[in-house]
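So that you can tell them apart, the chains are marked A, B, C and D in the order they are listed, and the count of residues begins at 1 in each.
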Amino acid sequence: MCRWLAYSGSPIPLEELLYKPEHSLIDQSLHARFGGHTTNGDGFGVGWYGVGADTPVLFRSLVPAWNDRNLREVAAHIESPLFLAHIRASTGAAVQQTNCHPFRYGRWLWIHNGIVRDFPRVKRELALAVDESLYACIEGSTDSELLFYLALTFGLEDDPPRAVERMVGFVEEAGHRHGTQHPIQMTIATTEGESVWAFRYSSEGRSPSLYYSSDVRTLRKLYPDRPLLHEVSDETRIIVSEPLVDLAGAWNEVPESSYSLVREGEDELRTFRPR
Amino acid sequence: MCRWLAYSGSPIPLEELLYKPEHSLIDQSLHARFGGHTTNGDGFGVGWYGVGADTPVLFRSLVPAWNDRNLREVAAHIESPLFLAHIRASTGAAVQQTNCHPFRYGRWLWIHNGIVRDFPRVKRELALAVDESLYACIEGSTDSELLFYLALTFGLEDDPPRAVERMVGFVEEAGHRHGTQHPIQMTIATTEGESVWAFRYSSEGRSPSLYYSSDVRTLRKLYPDRPLLHEVSDETRIIVSEPLVDLAGAWNEVPESSYSLVREGEDELRTFRPR
Amino acid sequence: MCRWLAYSGSPIPLEELLYKPEHSLIDQSLHARFGGHTTNGDGFGVGWYGVGADTPVLFRSLVPAWNDRNLREVAAHIESPLFLAHIRASTGAAVQQTNCHPFRYGRWLWIHNGIVRDFPRVKRELALAVDESLYACIEGSTDSELLFYLALTFGLEDDPPRAVERMVGFVEEAGHRHGTQHPIQMTIATTEGESVWAFRYSSEGRSPSLYYSSDVRTLRKLYPDRPLLHEVSDETRIIVSEPLVDLAGAWNEVPESSYSLVREGEDELRTFRPR
Amino acid sequence: MCRWLAYSGSPIPLEELLYKPEHSLIDQSLHARFGGHTTNGDGFGVGWYGVGADTPVLFRSLVPAWNDRNLREVAAHIESPLFLAHIRASTGAAVQQTNCHPFRYGRWLWIHNGIVRDFPRVKRELALAVDESLYACIEGSTDSELLFYLALTFGLEDDPPRAVERMVGFVEEAGHRHGTQHPIQMTIATTEGESVWAFRYSSEGRSPSLYYSSDVRTLRKLYPDRPLLHEVSDETRIIVSEPLVDLAGAWNEVPESSYSLVREGEDELRTFRPR
C-alpha cells in the first residue's frame, strides 16, 4: 500500500504538506496508520505545476522520502498551486525511478495506490491493449504505469472519468478471463494542471482509504487560529490517502466506488462505474 | 536505534541469518519490535571473514536493506564462519556508505547501536583524542565510527575489553565536562576474525537490548527438528539486538554493564566497568 | 557503446580481469579507446557461476563501475570459473539496475553491446513476439533485454546459435517493415554456465569490435614471465570488446558475421547468418 | 580535477548554463578538455539563490551529472540571479553527497577545484585549526570542505579575500612542516548571495584554468545574433573552469595568483597573496 496526496488551491511551498503537518506524507512514509504497510520506503515522487508552466515538473527518487535532502531543499523553495505527491511501498516491482509515481504524459500526471491482482498473468494482455503510439513511452514495470497508459488509450485526455471507467472495466474483464476474482483495487489521482480527478474503487468493494478536505470557509470557522487556513483561497482542496492532521470536521471520506472532481468553481462527487 | 547481529561458528551462507529466520535482520529493518525505531531504513552493512582470508570483506549500502538485490544475491552464495551485520536508523548523521557499519581497520570490524548524547558538543574533543596516525582513516561523520577509532587509540588490538572500557570512560568524562548527564548508550560488537566481543552498557543503566544464543547442544535437545542446529558445530553462537526467532530457551539477555566473549573454547560473560 | 568481457577457464578472482589489467574493464569504463563512447558510466554488472552452484549470481549497479566499493570488495574475494561483466553507456533507456547487464533467466546469462536502431518504433512488435510465458519476466526497458527474451523465445536453451540467428532475422524483418535500413548492431555473449557463445554481427557489416584471447599454451611461450598464464588451465579463454592488455599475439579479432563457442574441449569459430 | 561555474546577473533558468551551451558543464562532466581528468562523474552539485530568498538552495547528488533526471527537471524550471555549480572528479575521498560541492554555511556557498597535497598527513592539523563552534558542521571528508571551514575560521564572512589568503597561508605552512613542497592548488568561488569572489592560486604557480566572461556590452557587439546576450543585464558575468562556448573574445583568463570580485557595480581583479 502506498500513500499519496493531491493539492489544488493557492500556491504554497511543497513542504507545507510534505513535511510540516504532524502526520505529513513524509511521516506517513515511516508510520502509516491505515492499510497494510506501515513503512513506505520504496521510493517517492512529486509532480508539480509551476505558475504559468506548460508541463509539470517531476522529482522522483528511490531513496526513502525521509532521507532525501534534495527533496527537502527543493520542497522548501518551490511554490505550486497544484501538485501530486506519492510514497511507495512496492508490491513486487523493482525499486527504481521509473517505477516511482507520478507518471507523466504531456501535461498529465497520474498516481495510484492499490494493486492489479495476479499482475504477471495479465501484464502482457494489458500492455498489448495500450495504443501503439504510446507503447514505447512505458518506462517502468509497474501495474500503476500500465493503468495510466491504458487510461490514456481509452481517452483520458478527453473524458477522464469515462476513460478510467473503461480502463477499470477492461482490467476486470482481463482478470476474470485469467481466473482472478477481484482483479483491481485502487485509489488514483490524475490531473492536467487545472482539475484533479480522484477515484476510489475496488472489485471487491473494499478500497484503500481516501479523504478530501472540508470547505476552507467551514474550516476557518472551526479553527480560527490556524494561519494557513486564512492564507489560502476558498477553493483550496486536499485529497489524501490518510488525513495529514487530526482535526475533527476536516476530512471527509470519499465513498466506495466514486470519484471526486476538484477544480475552480464547484467541486463534484460522483459514482464510479466500470464500463 | 539500529539493529545488529554477530555470528561465530560453522560456515553458513549469510542469508541463513539475514533473510531466512521469521524475524530476520532484514525483517527487523522493517518491523523492529524492541526500542524506539520500528524502521531501520537508513543503510545497512555486512562484514564477513572468508575461510582463510586475511581481512574481512565489507558490503555497505544506503539503500534500505530490504531493497538491495545485490545483498540478496551475495548473501545466498557467500559462506562465512564469522560475520557482523548491521541495519541503521540514523540519529542525525548523513545517510551515506561511510556512515554504515561495520567499520573496518585492518583485520578489525566494529558495529554499534546507541548514541553519544550531545554529540555535536563533544565531537571535536573526541576526534582530537584519536591517535594522529589514525585520524585520517576516519571517513564518515558518525559517533559510532569515532568510538571505534578511540577504542583503537586506547589499545583495542591488544586488550579489547580494557580498550573499550577506557574509551567509554573517556567519552563519559568528556560528556560530563560539557554538562551531559548520561553521555553514552551502546551495544557494540567487535572482532578480529577469531573472537567476538559484545558489550552492553549505558551511562544511565538502561542499555539497548542484547541477547546471546544458548549452547547449541542444549538447543538441539529442545528443538530436535530444526535442521540448522544439527549442521552447525557445538561452538556456534549468535549475538543479536533482538531475537531472530521466537524459541523458548534459545536466547539469554546480556546483563546491563557486561560483555560477552565468544571464541573457540569456553565463552565468557564479564562485568563491564568504564575506566 | 558498452564494453564487456566473458571469462571461461580456471577459477580466478573476479578482480583479476575487472581491476588488475592495465586496460581493465573498469579502466575502460573511464577511457574506452574503441568505438563511439569514451565513458561507460551508466551502470555495470557482473554475473558469475560459483563452483558447483545451480544458478549464476548477479551484481548490478547504477553507480559508475569505478566508484562501486562493494564491487571492489566482492571482486577481490569471489573466485569463478566462468563470468560475464559489462559496463554500460546508455543509448537512451533509463539508468537503472534492471537495465544493467547481464540479464538472467534460470541458468542463462546475456550481455549485449550495440543497438536496435529506431527501437521506439519496433519495441512493441518485438515485445509482442516474446513468448507469453516469458513476457512478465521483462523487468527493464532496454533493447538488449528484449533481444534476450526473443532469443529465449526462439529456442536459446536448445540451440543457441540458431536461436540468435532467428532472433536477429526477426529483428531485421521488423526493422525493415518500419523503414529502418540497418536494424541491428551487436556483439553478444550468452552462457548457461558451461559453454560461452559470443556473436559479432551488424546489418550494415560494421560491427562493434570483439576479440578472443589466443591459446594459453601459445601465450605462455610468448610471455614466459606472466605468472597468471601459468596458473590457469590450457583451456582458459577470454572474449572482450577491447583488449585488456597490449600484448602482441594475445588477441584475435572475431570476424564480421561470425560467432565463437568456448567450452571444454575444442573451441569453435563459425559463420553467423540471420534466419 | 573538477569543473565549476559561477553565474551572477539577470535571473536565468539553471539549464541555460548547465545543459544548453555546446560545451556546457554537463558536457564537461563527460568530455573535459583542460586539465587531467576527462571524466567528472563522481557527483555534482548546484547551489542557487532564489529571488528574495534568505539562504541558498542546495542540490547535490552522487549520480553522474549527465544521468540525474531530477537535476534536469529542476534546472529547467528554476530561475536564479546567482548560482554556483560543480562537477566532481574525486582525488580520493569517498563519493557521497556530503563530499559534493557547493558546501554551505548560512548564506555562504563554496566550491573548489584542486587539491591539498598529502592531505592525509595534514588533515588532522587543519581540522584542529577549525573554530570549535564550526567543527561539528563538517559533514564530509574532503580537503575542499575543510578549506571552507578554515576560511570561515579566518573571517570569510567579514573579509573574504583576506580570509582566503590567511587560509592558504596556513595550509602552506602546515604542508611545509610536513615536508610537502607545493601544498595547495586551487580555484575557488565563494559567495554570500550578492558578490562572488573567485580565486586562482597554487603553491607551484601552475594553477588550474579559470576564466571570466567579457563585458556583456562588448559581447553584444561581437555577437549581435545571440539572443541570450540581449536578454541579460549589462552586469551579468560568468566565471568558469573551462569556456562554455568557443567564442573569440568571450573569455579572459584569470591570471595566476589573483582573484576576481563580481558584484553590482564595477568588478575587480586583484592580486592574491597568501598570508
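The working rule: a contact is a pair of C-beta atoms (placed from the backbone, for glycine too) under 8 Å apart; a residue touches a chain by one contact, two chains touch by 3 or more.
Remember, predicted model here, so these are calculated numbers, not experimental data.
Sharing over half of its contact pairs with B-D by residue number, the repeated interface among A-C, A-D or C-D is A-C.
Chain centres here are Cα means. That of subunit A falls 41 Å from that of subunit C. For subunit C, residues that reach two or more other chains under the stated contact definition are 94, 97. Interchain contacts join each chain to each other chain, per the touch definition above.
Interface residues of subunit D facing subunit C in the complex, by the touch rule stated above, are 30-31, 38-39, 41-42, 62-64, 66-67, 69, 90, 95.
Of all residues in subunit D, those touching subunit A in their complex are 50, 53, 57-61, 69-70, 73-74, 76-77, 97. Looking at the complex, you find that subunit C touches subunit A at residues 94, 96-98, 119-121, 123-124, 127-128, 132, 135-136, 138-141.
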